[in-house]
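Below you'll find a set of structures to go through.
After this come two complexes, each holding chain A, first together with chain B and then together with chain C.
Presenting the complex of A and B:
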């Protein structure tokens, strides 16, 4: 299936993905409502966009007590808003921190790959986020570990 | 050859997950019988039914059409009263005898009331079953006063609902703090203050002696301090596993049914799942009675896979809870109260926000997070903390940094490679499928 492939080396931290995501998902330009989030490294000189990998286990989906999470035709785990009661079990079941809760709607929210046309990938000006055929992977781990070294050394 | 016959006792989370997992593997090749004393529904969503934000029909998890799709023969409204494991037969309360090839015991728990005079009187409720929820809904009218006896997780799940019905609320708890099995004393202080500032009366360290009738109202007498008057009383004083019916059977019971890594009891074709099963705890590796929804779900899936002839080993479940009261989010994971752990904590009273991480060497084995819902969901560290405990990832490089920066866990999660460790993890050793895609062929 097509996934969001993240190349953190290309990310400039411009936040266009968060703005585009929040608008697509919630109709507002508000990064707090984005389900893709930029994490800063090296004192805000490098960045890593972080979002749901649509993992195999689908911890969110299997945890839902009312089957309000299913798999969409493009392979995204999606919330069925009519069924979600807002109990938040999915938010503690997901071990990636990519299952969100919107206090305004009182429902869970997550990356649904925008139905197959992810707004974050379209908005990214540097192709740090691409929607391509690939296996899900830990796109950020080694990048982040290298970038964190300097800062951690200074703290020590 | 006759079809293998699976008999499932209990239509809650564990039982229903076992059924859909068996069907995922065998697509209808076996016979499945469900014995359940109530129509299957989700307890987890009853607080939303109480609040009025969902209709009653929303709570049911296995309507007749769903059971037909899964080719399940239901015995709804029936209770199991005994099992003879020598002749592989389950006995029901109406005298029916059900022979089985595989039996799953998933009979869950029931609410218990503190043994005080008047606890069974009118206007005194439990909140556990759908029927009890209906009783509470009938009892609460706008402006009435409600006393919640017990300040544990179950009580807190309905706190918002009671207030949403415009009732006056008093919470009383015998322990010195609220949520004694979910958060520590510092966290409890933050939550108590939050509730008090929003008009909820909280009394801890008080023992209820009696509930008396007083001119159509209820008077609660305590060993310490003043009486409390109320219109309705809800007893959330604990739950007890439904295992009495197994008395005299050959099934080994400790605190719950003792099971192996395949959720099998000492009797090889008898499985147990959910609140009644002492499954493996993912952090301690020891047998534990979690009595929580996510554990029941995992138990049910593992039991179902093994009943369907797979050999699926259970890696263990993580103890976890989340509850929100009046906009304050409270969650804990794993061994959050481990006295042998190294502890890091940080309190920001002005938010208020509280974090606690519990360590063994360079791994986090327990965590607590508490703060206003808007803060919590803006950072979304809830899942991150779960992932740090679940993955057991080494945070060697980050430990000293985190000591002074407990609110910056996400970068540690990313840089420590937690995602890479978690991605291959699946409960059944293969990708999960959506519930509605499981059907007989």
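Presenting the complex of A and C:
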């Protein structure tokens, strides 16, 4: 399967992925609607993107009381808007905090891998986000382990 | 019903009256979008309409315009742009100065294309903007803080991190109305020219804090916009003229300019790199790889330009600083004889944190060191301080005195022109400045005549045209003999207008170093216009002429259009040794005036020029009827 592989050390925090994501998802440039988000680390010196890993456990699917979450042909967990009742249970269930709630639609919203051509990966100027073949979608574990070594030196 | 606006625009201009604690919005009209675009185009219209001759830079009715443009917040590279337009403290005339970061994007996602500030707050305030919430809030907790501390404090107060909050402030220099105070934001982005930070301080506005808003921006042709953005990105990456800028930003400047005699060394007293300086540290690669670094780019930007870096050695080892621009390596380094990259990098961030223009700072430090060496300024005057060539710690001590206006710092806080005039005697003859008060950028312009001419005739606080980008597109030769006065003046005059167009888009000066035709295509895709290169240049020249008209009204006349004695002197050594721009000065002006269509005697744009540029409506303000018929004949 293909997954979004994220290499945080490459991320400069330019937020272009958020602009691209919001455009792909909604047709307008509105980062507030992006389902990939950039977080800062180490004051203003480091950034990393986070979005749904399409994890195998899929706690969101388990939690959803109305079975509004399903798996798309490209392996993304997607929300069926017609079924979603906006209860937000999935946002609580997701251990990575990558299930969002859109107050304008009153529905949950998340990464759907843009149907197999992720806009964030195309837009990222530094290849911090790539869409690549992988055995498992679960890249967060190794990221956390490597993270400590890659921090920019701390202020003395 | 409100008329439909072109794509790209947020649609509203935010007005703030600090005296009255009142905020309101104004809608654009579609016609205004097309004629003003944004940035400096919008800013100068507001100055012309609302700041009459008697409203000096420190009058509360002065306007401080913080403008973005139609491309800000969109996915072209480098769309966090901020253009500051005001009547500035160094020239008491127009200002056009840019910074990047995230200001432009955050502001537009909150629903505004520009902020226009007027009045003076009774107590220090900061402006808070989040979507429809716009408030002037008590800034007492921020007073005395430098630029980075101000941003950190606001992040804590508002519980926001990263680019969710963009903060622009004028630091302690602004609080004390240092005449060359800048406006700094987002850890390393500075709108530095013409004392715009002093204006902000004069208004008792400590900071502008903009939350990344939740509103949508639309493009008329989004697919066309993505394609144009991609085309710009590829051009910047692969074209030989921009490739090193893409890879290294402005870092190649030091070694490159040193070979042309255009690196300013020790207050223009030499153009030869001192013996023992290891220039391999000063190559682009040396400066980038000499520090642990990480990309810190602006909104939507893919250039390998802005970086955070860590000092590898020295008394401040381990400190996180902002990788200096060429201007920082020069102003916080070479200009006063500092040839140690680590010390320079540290000092450059101190300058940013203090919030003054690094160019003016460099000329000031170079002048002080030379004056102390020659006995024109004594140790006692400097409060017991001795500063020798290259002493970054002493330079920082002076910087701290300047931004607090302590002792001799109060004299230096007026900028190098006024400080040297105050001290007088031979000290007055070794200061680098343009007579208008414009601050030269960080080169030795005695080996870069285009920029000296541009700086001395510029209407915005520094140069107007800048180094030519793809001049053949504007009918100019690709390359000229840099010491041929005719060619130099024709190039500066003939490329006038492009910069003002760029400065109105809401983008960065580096990410617009592509063909004008591609920029027009990008603008058209965003807005739905059919913008052409000719319209872009007409717009730019109109904007430049309006800036010039504003300055004429402010009393800035052509007799001021010359370099100071040292600035216009003859290099005594190095590659440009003996080149004497002064011998050609009047001729340079003659040719330039002819090219741009302004009147050589009065400096005013000629009536015919005003008409060609669509500025007939200001003709009567500049010319009386009798004069107008004779002008230019």
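Note that the second predicted complex is superposed on the first by the 134 of 156 C-alpha atoms of A that agree within 3 Å, B and C clash if a C-alpha of one lies under 4 Å from a C-alpha of the other, contacts with A are read in each partner's own complex, and residues count from 1 in each chain.
Assume a contact is a pair of C-beta atoms (placed from the backbone, for glycine too) under 8 Å apart; a residue touches a chain by one contact, two chains touch by 3 or more.
Because the structure is predicted, anything quoted here is derived from the model rather than measured.
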| item | value |
| --- | --- |
| First (chain B), second (chain C), both or neither touched by A:32 | both |
| Dominant contact partner of chain A by residue count, chain C or chain B | B |
| First, second, both or neither for A:102, with chain B first and chain C second | first |
| Which of chain B and chain C A:93 touches, first, second, both or neither | first |
| First (chain B), second (chain C), both or neither touched by A:19 | second |
| Partner chain(s) touched by A:63 [first = chain B, second = chain C, both, neither] | first |
| Chain B versus chain C as contact partner of A:43, first or second or both or neither | second |
| Partner chain(s) touched by A:123 [first = chain B, second = chain C, both, neither] | second |
| Residues on chain A lying within both footprints (that of chain B and that of chain C) | 32, 39-40, 152, 155-156 |
| Parts of chain A lying in touch with chain B, wherever the complex brings them together | 32, 37, 39-41, 48, 50, 53, 55-58, 61-63, 65-67, 69-71, 83, 85-89, 91-103, 106, 136-138, 140-142, 144-145, 147-149, 151-152, 155-156 |
| Of chain C, residues touching chain A in the complex | 73-75, 77, 102, 105, 109, 152, 161-163, 186-187, 212-219, 222, 233, 292, 294-302, 308, 310, 316-320 |
| Complex contact set, residues of chain A against chain C | 9-16, 19-20, 22-23, 26-33, 38-40, 43-47, 123, 125-126, 152-156 |
| Residues on chain B engaged by chain A in the complex (per definition of touch) | 13, 42, 44-45, 48, 53-54, 58-59, 61, 293-294, 297, 301, 320-322, 324, 327, 331, 333, 373-374, 377-378, 380-387, 390-391, 397-398, 400-401, 404, 410-411, 413-420, 422-423, 425-427, 430-437 |
